[in-house]
Structure formats: C-alpha cells, structure tokens
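Right, one structure below, let's go through it.
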Amino acid sequence: MANSKYEYVKAFEQEHYLLPDTYIVVRIDGKGFHKFSDKYNFQKPNDVRALQVMNTAARNLMNQFQDIVLGYGDSDEYSFLIRKECVLYERREMKLTSIICSAFTSYYLAEFQNHFEVKTSFLPMFDCRCVLYPTIEKVKDYFRWRQVDCHINNLYNTSFWTLVHSGMTNQQAEDRLNGTVSSDKHEILFKLGINYNNEPEMFKKGTVLVKEKEKRWVVKEYHVDVVKEEFWEKYTPGWI
Amino acid sequence: MANSKYEYVKAFEQEHYLLPDTYIVVRIDGKGFHKFSDKYNFQKPNDVRALQVMNTAARNLMNQFQDIVLGYGDSDEYSFLIRKECVLYERREMKLTSIICSAFTSYYLAEFQNHFEVKTSFLPMFDCRCVLYPTIEKVKDYFRWRQVDCHINNLYNTSFWTLVHSGMTNQQAEDRLNGTVSSDKHEILFKLGINYNNEPEMFKKGTVLVKEKEKRWVVKEYHVDVVKEEFWEKYTPGWI
Amino acid sequence: MANSKYEYVKAFEQEHYLLPDTYIVVRIDGKGFHKFSDKYNFQKPNDVRALQVMNTAARNLMNQFQDIVLGYGDSDEYSFLIRKECVLYERREMKLTSIICSAFTSYYLAEFQNHFEVKTSFLPMFDCRCVLYPTIEKVKDYFRWRQVDCHINNLYNTSFWTLVHSGMTNQQAEDRLNGTVSSDKHEILFKLGINYNNEPEMFKKGTVLVKEKEKRWVVKEYHVDVVKEEFWEKYTPGWI
Amino acid sequence: MANSKYEYVKAFEQEHYLLPDTYIVVRIDGKGFHKFSDKYNFQKPNDVRALQVMNTAARNLMNQFQDIVLGYGDSDEYSFLIRKECVLYERREMKLTSIICSAFTSYYLAEFQNHFEVKTSFLPMFDCRCVLYPTIEKVKDYFRWRQVDCHINNLYNTSFWTLVHSGMTNQQAEDRLNGTVSSDKHEILFKLGINYNNEPEMFKKGTVLVKEKEKRWVVKEYHVDVVKEEFWEKYTPGWI
C-alpha cells in the first residue's frame, strides 16, 4: 500500500543475522520464578506438576519449530538446539528470540492453567537468548554444562529443603550446608532417611527432549545422562 | 555455587547493549494473525473485543514496566516508547526484547480467554523488536508513521469488507479497489451507506496509551491524532 | 563477471550499519607508541615534531573526508567528529573504521619521514574505533573528556620529566608525584623554574582542528579550551 | 590517573567480540586502486613490482601477527586466516580490523616507496573486514572463492589488455570480450601470440603465503592451486 513521508524512520531498524551454518542454542529462563513459585505454592525442592508444565510447553515448541532438534530443561529454564542449517526468519536474532520466547510463554500459560489456578496479577514470564556454537563438540558441552548445573542445584536444594522440613529455619539450613561438598550433602540426606540416588531421575538429571525419526519426526522424553558420550552416539545420529 | 569444567561455553554468549541515552521503541507484532483471526471468527474489518484485548495487554505491560511512557496500537501490533534514560537489564537488547514480548504474550492470552474460547492448537504468538531513535523528533515521526499506516490500512479494509458484505467476492472487491485513492474509497463507502468519518475513532486512529502523572503514574487511553504537534505538546511534557 | 560455486561463503560476511542521524566520533590511537617514541628519540614530555606529524595527518584526513567537521588530538591519539547526516559507505562500521584508520596511517607515515629517519622494523600503527552519540551535548562532553584527559596527562608528564631532567631517576620522580594533586605539581614545577601556565598551549590544551567555511571549507588549527561553552558557540554554528 | 566528570561518555563505546573458537578471515582491499594504479603507471594487466609490494606487506604482517597462519592475495587485495584459537585483543572486532589494516598500510607504503616515487597527494589506502567461518571446510572454500575469482579476472584482464596493446580502443576490446567464455578468451590470446597457460603462475594463481614450522615459524611464498584438496593436505597439517 501507499507509503507515508514518515516511513523513513524504518531505516533506524537494525537487524542482526546469526552466522550461517552454525549451531544455535536458545535458552529460555523464568523471570522472577522464585516469587512465582511461592505465589502458586510449588512443592519444594521440586514440583512435579510445574516441571511437567515446562516439559509440555517445550514439547509443543519443538513440534511447532521443526528446526529445533533437542531440548533440555530443569527448574524454570529450558535450552533448545536449532539445526545449524536453519534459515528460519533469515536467522534474524531478534525475530527468532522473540517468537520462540512468545510461543513458549503461550504454551506454558495454556498448560499451566490446567494444573494451577491462575492469578492474573502473577502471570508467567520468560526471557530468552540465542547463543552460537561453531561445532557439535561445543554444543555437547553446552548441554553438559546445564545438566551438571542441574545436578549441583538439585542436590543443594534437596538437602536444603530436607533440612527445613526436618525443622531447621532457612538460615540454619543455609549455615549447615555452607562449605559442604557433594559427599557431605549425600550424608546429610542419608541421616535424614533419604538416599539421594533413589530420587526421581527427572529431579536429578532434568528432562531431555529428543526429536526422533519414526514414520514422522516425534519428540521423545528422557531423563538420562547427557554428559557421557553414549547419549550423543545413541540419540543424535539422525541430525548431527 | 560450584562451577563445572563445561562452564567455558558461557563465553560464547554475546550481549548487545543498546546505545545509552537514546529512545527505545519496542514494536510487538502478531505472528500469523490473519489465520488466527479466522480461527477465532474476528469480526471484519475490525473486532472490538480483539482490539480491547490488545489494549488491555498493552496497558498491563505499561503498568509493569515503569520506563514505558507511551503506547500506540492498532490491528495486531503495538509500539511502546521506553524513556531514553532507561537502564533496565543494562539495556541488553535480547533481554529487553524477549521479556517484553513474553510479558505481552502472557497478558494477551490471559485476557483473550475472557472473551474467546481458546483452542490450544491456536495460541497467540508475537514477535518483538527494539529500534533506537536519537531524538524526540524521530520518535514522533515513528508514531506518526504507525498512525498513518493504521489510517491507510483501515480505510482499505473497511472498503474491502463493506464491498464483500454487500455481495462481492473477495477477488471482485480487490479488483474494485485496485488503483483507487483515498477519496475514491470514501465515495465507494458513501454509496454503500457508510460515512467513513463517522466510523469509531479507535478504528480510524488506533489507540494511544499515555502514562500521565496524577497522584501516581496512570495509563490513560485515547483515540486521537498523534500526527499533529498538538498531541505531543499536550500529552508528553511530563517525560519528554 | 561469472560467479563460482564457492561464492556462497560471502553470506558469512556481516555488516553493522551505524545508527542513522547520530553523531559518529572516530578515535585513532597509536599502537605501542611508548616504545615507538623511544625508538625515534621523541623529546619528553612533548616532541613538537611528532605532534605536528599527528596534526598534519589529521588535517589531511579532514581534507579527504568532507563529513569530518572537527578534530582533536594530543599525544598519540586523535578524535574526529563525523556529521550525523553522513551516509558514507552506508555508515558500515568496519568500512568507515578501517579506511579512516588506513588513510590516517598513510598520511602519518608519509609526513613522519619528512622529520624522522624511518626504521622499517618500527613503523607507525594505529587502532581506530567508532562511537555513536545521540546529541551534540554528548559530543561536546566527549571532546571535553579528551581535553581534560590531555591536561591531566600533560601536567603529570611535564612534572615527571622535569624531575628526571633535574637528576631524579624515573622511580624517584614517580614516587615524588605519587599522591600529589594539581596544585602540588604546579609548585614542584615552579621550584624547578617552570611556570606551567607559560608552557605552550599545544602541550597544555592539545590541538583542535575546525572545518570552517570561507570561500570553500578549510581546516583551521587552534589550541584553545573546548570545555567552555564559548568554543562551541564560536566555532561550530556552521555545522551543528 | 584522575577521572573527570566527562568520563561518562565512555559508556557509549560498544564492543563486538568475535565468536570464540571460530576461524577469522581478514580481507584487505585497496581503496580506489584503479585510479591509484594509473597515477603510478602500473603495467597492465599485471605489474610485478606492485604485486611484490603487496606480497612483502602481507609477509611482514604475518611475521608480526603470530595468529595469522595463511595469506592469499592477488591484484590489490589480500586475505588472511587467523587461527580459531586466537584471543588477540580479546577478539574485539574493531580493534583487530583497524590494527591489521593500519599495519598493512604502513608495510605497504614503506615498501612501495622502494619501487615507486610517492606522490603525497596519492597515498595508498585500504579497507579491511573480518569474516567468521565455523569450520575449516568453509575456510577452504573461502580461499577457493578468491582464487577462482583471481583466475576469472586475470584471464579477462590479460585478454582485454592484449587486445588494447594490439591496437583496439578500450571500448572495442570490451565489446570483443562481451559474451565470451573462458575458451574463447584463450583462443583470442592464442591468435595474438599468447599461450595463456605459459603466463606467470603469480598472475594466474595469485600468491599464497603459508606459515610453516621449521626451526621457527617462517612464511613461505607459493603460486599454487588452493582449490584442490592436495594443497590443504600438504601445507596445513601443522595448524588446522
């Protein structure tokens, strides 16, 4: 249609195109989820329903965007791997980042209200970023980083909340854990009747969503180790 | 907490900081809203409920982000002006863009289901971009651009749908409008019993949301001309 | 001419376009000039010939690029102001930065050998950067920053070298100046027979190159205060 | 040293850090070398002295920057490959681009005046850009692209200037070559007594500079095919 004399302002728009033929990892992160989890009474340290809402949103996102081939999430964050060949939206960074973030938010909220009673003054919000990796080895290390982080956080949080549930104040629990290493935390839990190794895999390892080729591409959910090379050999030959 | 040997992958994250002391315009745009509006049977050319959902989402966004001082929207898009002094998230482009987009999406969906029956396979999604403007004159021209665009589109769409509602096929209506100028469309409408000047201001001018200082900052809604200098003199002295 | 199947690699080139209608300041800085100045036996604290080589290179650059309207230099650095309307090379950042840097280097070396005997193993090299400023007030503060920096450095260096020339070792001179404020340094100099106020203006204030309109645009050289508003009122009305 | 109240302007400087662990190709290109070559009466289509000045400048650059492991040049351009592990200047794009461009310019001018009488009003200038490539295969294709381009241009230029030297005007030569393919040009040259295959390798293939490990790293000059895989197998195992 006709243009106006004001259209010159469009020249101020700046596009950043992500380097071609390079892996894109998109990480989505809950905004203010500490408070959010309080408002909706999430069980601590892990709320199964809340995790499943994340997983469902992630699965829906992967079904919508065919270039996303892998997802990994725990707590209030999710990371997605986009094929390096992806040319969606000409690889414009803001376009990719904002649409993926918006889609995830919609999927999350739509699923969330199936499990929680939504308060309109506390709606879920996420931020999102794109990170480029030149090789698959770096991509693997990225997902290893997130899973090791999940493990460290979950062991801490499990120990913390078990101490609190056993009668400590938050401050006492924090003090008790201060300076402890992994084996100390296992022992603390063991004395309180919890064998950390028997905790649910979804809590300890997070959730891996893999796009697998059957008759058509389907998204499969796992709670497995992505640090070891075996995972990558077994699950990714179709698209690496 | 403890770091892992995989944490080096964080070095691949790249931040773009928006130029300081420069106006930021954020534009949110519906993704695939042509199909979306069909799925939910939006009235054509304008669906009042759908426009009000946009306005409510925009108002909520402006209440959440105090640095947003002005909003303008029509159809499935909304533009927001962020004060040039804003240092939110250190002015990181992806952070600002993605959180604003996510918040708008949440507000939209939460309000949308008050008026429409949501189909989980057709959820609302938006993209979002930040544009920098060095002076307030450029900012004014940006909003003038959007309002002139709204006017051009709305006159066309009103003419098109009036022709269709009068019995033409979509193709016939398109052919009839091909090559017409503004006055031709006014005349076409007049002959079909519509005086375009009497159409609702919200359709013709879009919606302006202004943050005004009363006892506290409040968001006021107008459907007024932002092309003329008067608007800027009257509504913006508090924050320009 | 004909393209080859390898031309796809061109798609990896990324352009960054500097925001339109925004002031561009280009700063050029000598690389390793501490060592460079030793190799060529520059007089300390200020070598008039070396400063004049910088000024000549800067003047030639301003004559070549009509969009550069102001220059300011001292020691081994020079800053240039490019008109905000400049569209040279479509405002591509790497193109502007690299060509201006290359041109300055050529002008510097060509003039340098008129005053010094060039050693091919110690050639002059510079780095260069572009910085955007949205308003002329910020631009003024930029040049004020550089001139205040020149003043601070020159007072220190004059004091330091006067102490050294009076018989101190470098370490002794450094220790003597440690913790002194401006008035202390003036006094130190005064006791050694130097009234700092009588030092050459080029040393104390650096060099300002202004593009002025006579019959044609000419580059005029000054050694004046750019901190006070008077400078900007007097010298820049033609192009601000 | 002490800071001034104007130092806030430094916050407007924006750095772009090149993606880590990714190959960097730096391409330097003569600015206005068509006119430059006329001013200095370069022999057409190829001036051996001028090419050697380029090669010497490139060799000096590679000796200065240890991270540059490969160079390729023809006519007035040169491309350099920087190791993907390079962390020089923290991989800041403007810093790398401008210093490499400035160094090349200095080396070029210093060598140029050994062979030509410099006119101070026509000094050599270059632009420079950095391009990222995620894999060595893309890097190889980049250098193949430049060499194929060299071949296409040199065959054309050799044909054009041979026709002109045989008595045609520039326009007649251009018309004669219009629409011809490679074999046509070979034939044209053959009829004028030139077997293109016997032309110097430096003209037909350009110049390859390889950093090779002997007792220490040395820069070796070749005029060989880089399109075939053999080159890469033979010359690059030390650093790929």
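When the chains are written out, they are named A, B, C and D in that same order, and each has its own residue count from 1.
The rule is short, and it goes like this: a contact is a pair of C-beta atoms (placed from the backbone, for glycine too) under 8 Å apart; a residue touches a chain by one contact, two chains touch by 3 or more.
Values in this document were obtained by computation on a predicted structure and should not be read as measured data.
Participant: In contact with chain A and with chain D at once: which chains are those? Just list them.
Facilitator: Per touch definition, common to chain A and chain D: B, C.
Participant: Which chain's mean C-alpha position is the greatest distance from chain D's?
Facilitator: Here the answer is chain B, farthest from chain D.
Participant: Measure off the straight-line distance from the CA centroid of chain B to the CA centroid of chain C, and report it in whole Å.
Facilitator: A distance of 46 Å separates the two centres.
Participant: Between chain A and chain C, what's the gap in Å when you average each chain's C-alpha atoms?
Facilitator: Taking the average C-alpha coordinate of chain A and of chain C, the gap between them is 49 Å.
Participant: Report the inter-centroid distance (CA atoms only) between chain C and chain D in whole Å.
Facilitator: Inter-chain centre distance comes to 30 Å.
Participant: Which chain B residues reach two or more other chains?
Facilitator: Touching at least two other chains: 12, 14, 16, 19, 21, 132, 138.
Participant: In the complex of these two chains, what residues of chain B are touching chain A?
Facilitator: 1-2, 4, 6-10, 12-14, 16, 31, 93-95, 97-99, 101-107, 109-110, 118, 120, 123-133, 138, 141-142, 144-145, 148-149, 152-153, 156
Participant: Note which residues of chain B are touching chain C in the complex, please.
Facilitator: 19, 21-22, 84, 132, 134-135, 138
Participant: For chain D, which residues are in contact with chain B within the complex?
Facilitator: Against chain B, the touching part of chain D is residues 11-12, 14, 16-17, 19-21.
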